[in-house]
Amino acid sequence: MPTILGQNQYGKAENRVVKITRDGDTHHIKDLNVSVALSGDMDDVHYSGSNANCLPTDTTKNTVYAFAKEHGIESAEQFGIHLARWFVNSQEPIQRARIRIEEYAWDRIPTSDANSKFIGSDEVKHSFVRQGQETRVTQVTYDGTNWEVISGLKDLVVMNSTNSEFWGYVKDKYTTLKEAYDRILATQVSARWRFNWSDDEQRMPNWEKSYAETRKHMLEAFAETYSLSLQQTLYQMGSRIINHRSEIDEVRFSLPNKHHFLVDLEPFGLKNDNEVYFAADRPYGLIEATVLRDGVDARIPVDMTNL
Amino acid sequence: MPTILGQNQYGKAENRVVKITRDGDTHHIKDLNVSVALSGDMDDVHYSGSNANCLPTDTTKNTVYAFAKEHGIESAEQFGIHLARWFVNSQEPIQRARIRIEEYAWDRIPTSDANSKFIGSDEVKHSFVRQGQETRVTQVTYDGTNWEVISGLKDLVVMNSTNSEFWGYVKDKYTTLKEAYDRILATQVSARWRFNWSDDEQRMPNWEKSYAETRKHMLEAFAETYSLSLQQTLYQMGSRIINHRSEIDEVRFSLPNKHHFLVDLEPFGLKNDNEVYFAADRPYGLIEATVLRDGVDARIPVDMTNL
Amino acid sequence: MPTILGQNQYGKAENRVVKITRDGDTHHIKDLNVSVALSGDMDDVHYSGSNANCLPTDTTKNTVYAFAKEHGIESAEQFGIHLARWFVNSQEPIQRARIRIEEYAWDRIPTSDANSKFIGSDEVKHSFVRQGQETRVTQVTYDGTNWEVISGLKDLVVMNSTNSEFWGYVKDKYTTLKEAYDRILATQVSARWRFNWSDDEQRMPNWEKSYAETRKHMLEAFAETYSLSLQQTLYQMGSRIINHRSEIDEVRFSLPNKHHFLVDLEPFGLKNDNEVYFAADRPYGLIEATVLRDGVDARIPVDMTNL
Amino acid sequence: MPTILGQNQYGKAENRVVKITRDGDTHHIKDLNVSVALSGDMDDVHYSGSNANCLPTDTTKNTVYAFAKEHGIESAEQFGIHLARWFVNSQEPIQRARIRIEEYAWDRIPTSDANSKFIGSDEVKHSFVRQGQETRVTQVTYDGTNWEVISGLKDLVVMNSTNSEFWGYVKDKYTTLKEAYDRILATQVSARWRFNWSDDEQRMPNWEKSYAETRKHMLEAFAETYSLSLQQTLYQMGSRIINHRSEIDEVRFSLPNKHHFLVDLEPFGLKNDNEVYFAADRPYGLIEATVLRDGVDARIPVDMTNL
């Protein structure tokens, strides 16, 4: 046989599960999109179509919904850990499970003044509005021994309207760009961070708190860095996380430079004093890098942040 | 000539303009997507290709950017009014202008504790993060005499996790749906409301305040209505607006019923006590209606809310 | 009651139905996305939440699938007619039905030479590949007496690499555009055409043939028109249809001018002789107009073509 | 310094370039979306914001357009090779260039009969319509010594309406799926194949012919395989390519199983004899695997096919 099978994985992708937890009249919501990918002893299903080792993708879907009831959804990470452990431990041929989860956040809807007197609360306890632009993500991988948890976010759009410069760069025969001493810096953050928790003997991080704090440090670093390049800002965002969050060893960013070009208003006899910008779509600069704790190995794949 | 020209309009669509206003160190941002559509004496450009009456779409784009400097952007509605007035009044062949604007909202990024002592503020005065899921929209139309302003929003995703029922409906030979006495009600609101301001002699509404209040009433009505049908909830949302906002005469909604189906967990020996739901994509119920002040004429087009 | 209900409609949107018809070994496929919108005596469901007149949207979904079996899918238009007639005629409170359908086209996959000898055909009789970029659409409306059928397409992307000019236009204080004597003209056609078939006594058009011929005339007119403005091209496309297809009385187009800008290569010592273009995303010119048979009334809504 | 910089790359993404080549009256078109990613001696730009080694992303954009003129666009692969070689060879600090290109295909528009007599051709020589659903892609990587070219396609949607079964799989406590002996098999192919051409001494493949033949073999294998699992079909598609195209050593697929569920029509007294299907969106099975020539190393990253 001149051809052979290489790396392979399968499962059900994008299982949309919403879990409501009732604490008296107060409801809590977890809203996830769960994708399962399993690997193992799967040569026969590829070579001959024998499904003897193949747990149907439909079953992996059912498991997601059943586990939402059986284990609840404490956090996306914890839910992924339950699922990955189950698939690897319950099925002999499955040697590795990768669970990817997107989480959508919700805020509570405030109550009208008239109603708040009546219900004794300033929020409707079962009413929600989708929060923010960004999506929280996590990927949990388990091979029966070791865990790898990579969490992050995507589509977090941020902008500094000053404190950004770009000059002193290489100029070759194709260079026409003018140096900038005060520009808008805007990007749509895609970030992934890897936890150093890797086996069941270690104490597990507080996933919810870790996410909130990591996001906060990242945003603060973006806002507080006086930027000479988007690369420098990226590095500050990453090192701020590594320095403040001991549970995280590695961060990777994919940062599109969402260009805001000053519009030339001189043809109309007007001066544009850093006021009026054209927000461009394409092309865009794309800056990608890993920042990691000194001494650890990088393991977040290069392509993972721009999925 | 057996064929003739009917309604026609042209202009530059989706001009992305960002305006930064500097109030000392504190920056303010307006982030718009402006689309211009002009109508008038345009037969020749269609019949013969003579452009003698045709102001280029490129010029309409330039005007958007120049006006951001000349008039500033107080609100999307006010900016649209400046533009519509200009096109109709400055060009003889142009008899009608329709300006559509999307506005993207931004929040300020909080400062880290360390930095807030230093800068004496708990927000970075030039740093922003995109807010929420929804997009604010407006459409301003002017024919040289009368104004029509229709504002609204789209992509506002809301959910009630209880206080929704659906029963007592018609059952024909194709009906299999089971009645529901406690279901999730979720929708992605697209709404448009028409102001009764229509000529320059009237006092103009406070557009920014009107938007904030209208959105608040709509959300509150969604949350506080015990719902027997999404149609009923829609009507409550609309009438709450009409009753509280005297500047608005008409509201139209397009509300997809984003179905959350209870997952059947019985095959796994589990009871699903309104806890675990499958969030479905397609198909979805689609409920659309106009609610208007008694005695006024409806003018928001049927198709406008599901654009 | 200071507020009242205006136009309203409801139903199940985006029912994805695929119908396989087997003609011996040769399979035929119809792949539709069907949206149902019903109107009538629906005040109570809005005012009080009484569903006594309300056929569930779930039932309208079931009807779509049942009708695919009971009536087959001869064409999108014919299928819409079956559905609209059923809803209006079978339910007293329903006075008007609007069925919107998107149709996705498929080609057959050619067979390998080795296999074609074996199966005696140069196509695999049950194997298909999605065809083209465009989506065929139709909207059928019925009120118990009269029919209105508006068909069309969207996302048909076309380009002329020459035979397009743009000059002689109005120049005001914001005009900077340079006249063009040889430019690329590209657009993404959204078109809707209205049939004059309107009651059951008239002979029904051949919907499949009409679509193929209308599309052909439209494409030919785009290609063969030496264009002085996109408006002129639009009018030629419309009048070619009206002149060749007696079953069609009215056409409406929404044509984004997908700008291809000549790149300035002079800074690099190169001459760009209409060779290298930047294909821009936003903003874009947007040209919209109706072309109709002399003497008929226009009925396609202004907003319908840019949905 | 407790944090360090890991893998990093930067450049301008999504440069949309259209190249028109004129062969007398007959025009040819190449329509590309080119993304540049450069790596090398870039520590300073991250650590201190010094741009001394940084060729601006704007310059990489200019280079794309200048090269379209200077070298033409013979094929996406050849164009990527010109660009990658230039960046690595012309700039000391740049040690690796990765060029990703999407290519959009166009067909010629046929001429009307009337016109074809006049122009002596059955096609308008400068008029085009976008072809098909799929996008051709390539990625060229160069480190100054070795080349890696990975080409492929995405969004090629295919369906077999029979000759697909799925049974004999593992059944655990969460399994409810019924075995299928005649089902629809549909997928949206994302495929990447790696060429064994890796240095300038080797003879370069004919990139255009290779693409056309590889696509053909892949489609034929999909159509002609009697499928017991999508994994088996995937393997047949991959091995057909490896067996027929000696220039290719490795193929990776990401195949979503686009489920078409038989609709239960029994509640309506109808029998569904493999005729009426519901085309589901989410969740979907996702089957991913590499097929490679025996004896070669796999190098296509696991995540690359589902970008």
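Here are some notes:
In this document, chain identifiers A, B, C and D correspond to the written order of the chains, with residue numbering beginning at 1 in each.
Please note the rule applied: a contact is a pair of C-beta atoms (placed from the backbone, for glycine too) under 8 Å apart; a residue touches a chain by one contact, two chains touch by 3 or more.
Given the structure is predicted, the values throughout are model-derived calculations rather than measurements.
For the pair chain C and chain D, chains touching both partners: A, B.
At the interface between chain B and chain C, two copies of one sequence, more than half of the residue numbers in use are shared by both copies. The chain with its CA mean position farthest from that of chain C is A.
Rounded to a whole number, the gap between the C-alpha centres of chain B and chain D is 37 angstrom.
Centroids of chain B and chain C (each the mean of its C-alpha atoms) stand 25 Å apart. Centre-to-centre separation between chain A and chain B, using Cα means, comes to 29 Å.
Counting partner chains per residue, chain B shows two or more touched chains at residues 16, 62, 66, 174, 176, 267-268, 281-282. Contact residues of chain D toward chain C in the complex are 16-22, 27, 29, 31, 62, 65-66, 68-70, 106, 109-112, 115, 124, 126-133, 156-163, 184, 216-217, 219-220, 222-224, 260, 263, 265, 267-268, 270, 272, 274-281. Residues 1-16, 35, 37, 42, 45-59, 61-63, 66, 90-91, 93, 166-172, 174-177, 227-229, 231-232, 234-235, 238-239, 242-243, 250, 252, 256-257, 282-294, 298, 301-304, 306-307 of chain D are the ones touching chain A in the complex.
Of all residues in chain B, those touching chain D in their complex are 173-174, 176, 267-268, 281-282.
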